[in-house]
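Would you mind keeping the following structure in view while I ask a few things?
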Amino acid sequence: MSLLTEFYKGIYKENPVFRLALGLCPTLAVSSSIINAIGMGAATTFVLVCSNTIVALLMFLFNKFLSEEGRKSINKIRIPVFIVVIASFVTIVEMVMAAYFPALSESLGIFIPLIVVNCIILGRAEGFASKNSILPSMMDGLGMGVGFTLALSAIAFLRELLGSGQLIGQTIIGGGFKPVLLMVLPPGAFLVIGIYLGFFNWLDSHRKQS
Amino acid sequence: MEYGIFQLIIMSIFVNNFVLSRFLGLCPYMGVSKQLDSALGMGMAVTFVMTMASMVTWVLYSFFLAPTYQSVFYLLFDTPIDKIPDLTFLRTIVFILVIASLVQFIEMYIQKVSPTLYKALGIYLPLITTNCAILGVTVLNIDMFFKDGLPLDNSFIHTLVQAFASGIGFTIVLILMAGIREKLELANIPKPFRGLPIAFIVAGLMSIAFLGFAGMSVE
Amino acid sequence: MNSNIFRLSVILAIVTTVAAFVLAEIYSITKPRIEMQKQAKTQQALNFVLPNAKYIEPVNKKIPIKDGKGNVLYEKEEVLYYIGYADEQKKEVTGYAFKAFGSGYSSIIETMVGIDTLGKIRKIKIIYQQETPGLGANCVNSEEFNGKKWSIEQFSGKTIEELKVDKDGGPIVSITGATITSRAITNSIKQKLEKLLPVIQKNTMGG
C-alpha cells in the first residue's frame, strides 16, 4: 500500500460523496456555487488531514505507553476524544476564516461549524487513522478531502451554470438564456446528486462488464 | 425578534423544513428511511435530542460562554464587566460534547426501556451524534435568537419551539420518505438508479413540493 | 467500575483542556483582526450610504442595562444613528445613517441605511447576513428573475410608506424563493426608521 495509493483512493474508487455517500449535508447546501464548493472543500480537507494526523499520533502514543488494561479503557473513550480533536480543528477553521476570509465565512454560514459532524471526518478517524500509522493517515485524509472537494465542485459546476448562467461569478451563458432557478434551490441539489450517483453506478457496472 | 409562536412552528416544520430546505439531517434520512416504524422511532429520538440539546446549550451559552452581564463570572464571581472572559470560541466543542453525552444517555435509556426499538435502530442510534440537524439547530438558535451574546426577547421559548418543531418537521419528512421507499422497493427502476440515486431524486421531488410553502405568509 | 469511569473522564478532561488552551491562544490572535474587519466594514458601509458626506459623526446614547428586577447594572454606550456633514465644520447636514436589524431565515441581517434630511432612503448596504448560500444570501447583490429584479438599489428614493415587499402589497421586489430574507430586510428598515425619525427631528429642533 504505497502512500500514493492511500491518496488516490479518495478521489475516485472510494470518493466519499459519490461512492461512500458520506458528508451529504454540506454537499447539498454548499454546492450552489463553485467558490463556496472549493472553500468548503479546502476547509474540510484541512480538518481531515489535521485530525487524521493527530488521531493516528494519539493512538500511537496510547498503544506505546499504556498497559494492556490502559488500552482497553482508552477504547471506550476514543470516540469522544476523536470528537474533541475534530471539534478543535473545526474551531480553528472557524476563527481563521472569520479573520482572514470574512466573505467566504459569511457565505458558508452555519456549515462551517457543521464540519464537525461531517461523517467523512469521524468516519476516517475511526475507520482508518485509529488503525494506521501517521503518514498513511495524512495521505488518506488528503485524498478524501480532495475527493470531497472535487465532488462538491462537480455538483456546483452544474448547479451554478444551469441555475444562474454563471461560473465563479462570471457570466458564461449570456443573452436570452433563462437560468433554471430550480438548480440553485434545494430540489436542484437533490436531483443533481441523484443523477450523478446513478451515473457513477452505471459507469461502475459498465466497467465490470468490459 | 418579532416571531409569533404559531408562526415559528409553521416555519420550522414546513417553510424552513430541516431536511428539504436547510439540508440538515440527511445521513439518517437516506439510511433509516426504508421502513416506516424505524423511521418513526428515529424521528422521535432525534426530536427529543434536538429539544434537550437546545435547552442545555442555550443555558451554557447564556451563562457561561458569552461575556455579558448574564455570565456566571459576573453574577457569581464579581468579575468586572469588561474583564469577563469571552469563551464563545468554545461553542462548537461544548455543544458537540453536550450532544454526544445526551445521545449516550438516550442509548442506555432506550436499551433498558425498549430493547426491540434499540435493536431496530441499531447503529443509527449512536450516529444521531453526527446528525447535522442536532448541532445545526443548536448553532442556529444562537445565530437567530442572540445578539452580541445577549438573548433577545423570549429567546428561550423561541429556542424550545424551533427545536421541537424542526424535529417534528424532520420526522414528518422521514416518514413520508419511508412510505415512498417501501413502495419503491416493488417498482421497476433502472439498475443504476436503484437504492441511493432514486432516493435522492424522490427527495428532490418532495423538496419541490415543499418549495410551495416558501411563499407562504404566516401573519 | 467507578474508578474506570473516573479514569476515562480524566483522560477526556485532559484532552479537552489542552484543546481549549490551544484554541484560546489562536482566538487571542484572530479576535482583534475580526473586530478590525467589523469596524472597517461599518466605515465602508457608512461611506457608501452617505456619499455626499465628507465627515460622519455618530450620535451615541447611553443605554441602561437592567437585571431581571429592573435595577440598573451599568450603562452601555451605543450608537443611535450617524450624521453626515458636508465638511468638518459641521455646518451642513447631508443626511443620516443607521443600522437596522432583522431576523432572517437563518441569521440576523444587519443593514446600513442612509437617508436624506427628509427621511427618504438614499442608499442601503447589507453589512452582515448568513442566509442560504445561492438564495437569500444573494440579497447583497442584484438578482433578476422573469423581468423582476431584487437589488439593494431599489430601496433608493423610497419613503417610509413604500417599505413593503411585493407579497405584502408594496413596491419592493423580493428575491424569488427567499421571501423571508427580503421581508426581514425591508421590515427591519421600516421599523427602525419609524423609531428614529421622531428622535432625529427632536434632536435637530433642539440643537
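Going by the order they are written in, the chains are A, B and C; count residues from 1 in each one.
Here is the rule we go by: a contact is a pair of C-beta atoms (placed from the backbone, for glycine too) under 8 Å apart; a residue touches a chain by one contact, two chains touch by 3 or more.
All values reported here derive from a predicted model rather than from experimental measurement.
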| item | value |
| --- | --- |
| Arrangement of touching chains [line / ring / star / complete / other] | complete |
| Chain whose Cα mean lies nearest the overall Cα mean | B |
| Selected interface, B-C versus A-B, where C-beta contact pairs are more numerous | A-B |
| Whole-Å gap between the CA centroids of subunit A and subunit C | 33 |
| Between subunit B and subunit A, distance of the C-alpha-averaged centres to the nearest whole Å | 21 |
| Cα-centroid distance, subunit B relative to subunit C, in whole angstrom | 27 |
| Residue list for subunit B, restricted to those that touch at least two other chains | 22, 89-90, 93, 97, 140, 143, 211 |
| Touching two or more other chains - residue numbers and ranges from subunit A | 29, 80, 84, 87-88, 91, 95, 110, 185 |
| Subunit C residues counted as touching two or more neighbouring chains | 16, 19, 23, 27, 31, 106-107, 130, 132, 177 |
| Parts of subunit A lying in touch with subunit B, wherever the complex brings them together | 21-22, 24-26, 28-29, 79-80, 83-84, 87-88, 90-91, 94-95, 110, 113-114, 116-119, 122, 182, 185-191, 193-195, 197-199, 201-202, 205 |
| Touching residues (chain side subunit B, partner subunit C) in the complex | 1-3, 11, 15-16, 22, 69, 81, 86, 89-90, 93, 97, 140, 143-144, 147, 211, 214-215, 217 |
| Subunit B residues touching subunit A - in the complex, by the definition given at the top | 20-27, 30, 89-93, 96-97, 100, 127, 129-132, 134-136, 139-140, 143, 190-193, 196-201, 203-205, 207-208, 211 |
| Subunit A residues touching subunit C - in the complex, by the definition given at the top | 29-30, 32-33, 36, 73-74, 76-77, 80-81, 84-85, 87-88, 91-92, 95-96, 98-100, 102, 106-110, 159-160, 163, 181, 184-185 |
| Subunit C - residues contacting subunit B, complex | 16, 19-20, 23-24, 27, 31, 65, 67, 73-74, 101-103, 105-108, 130, 132, 167-168, 177, 179-180 |
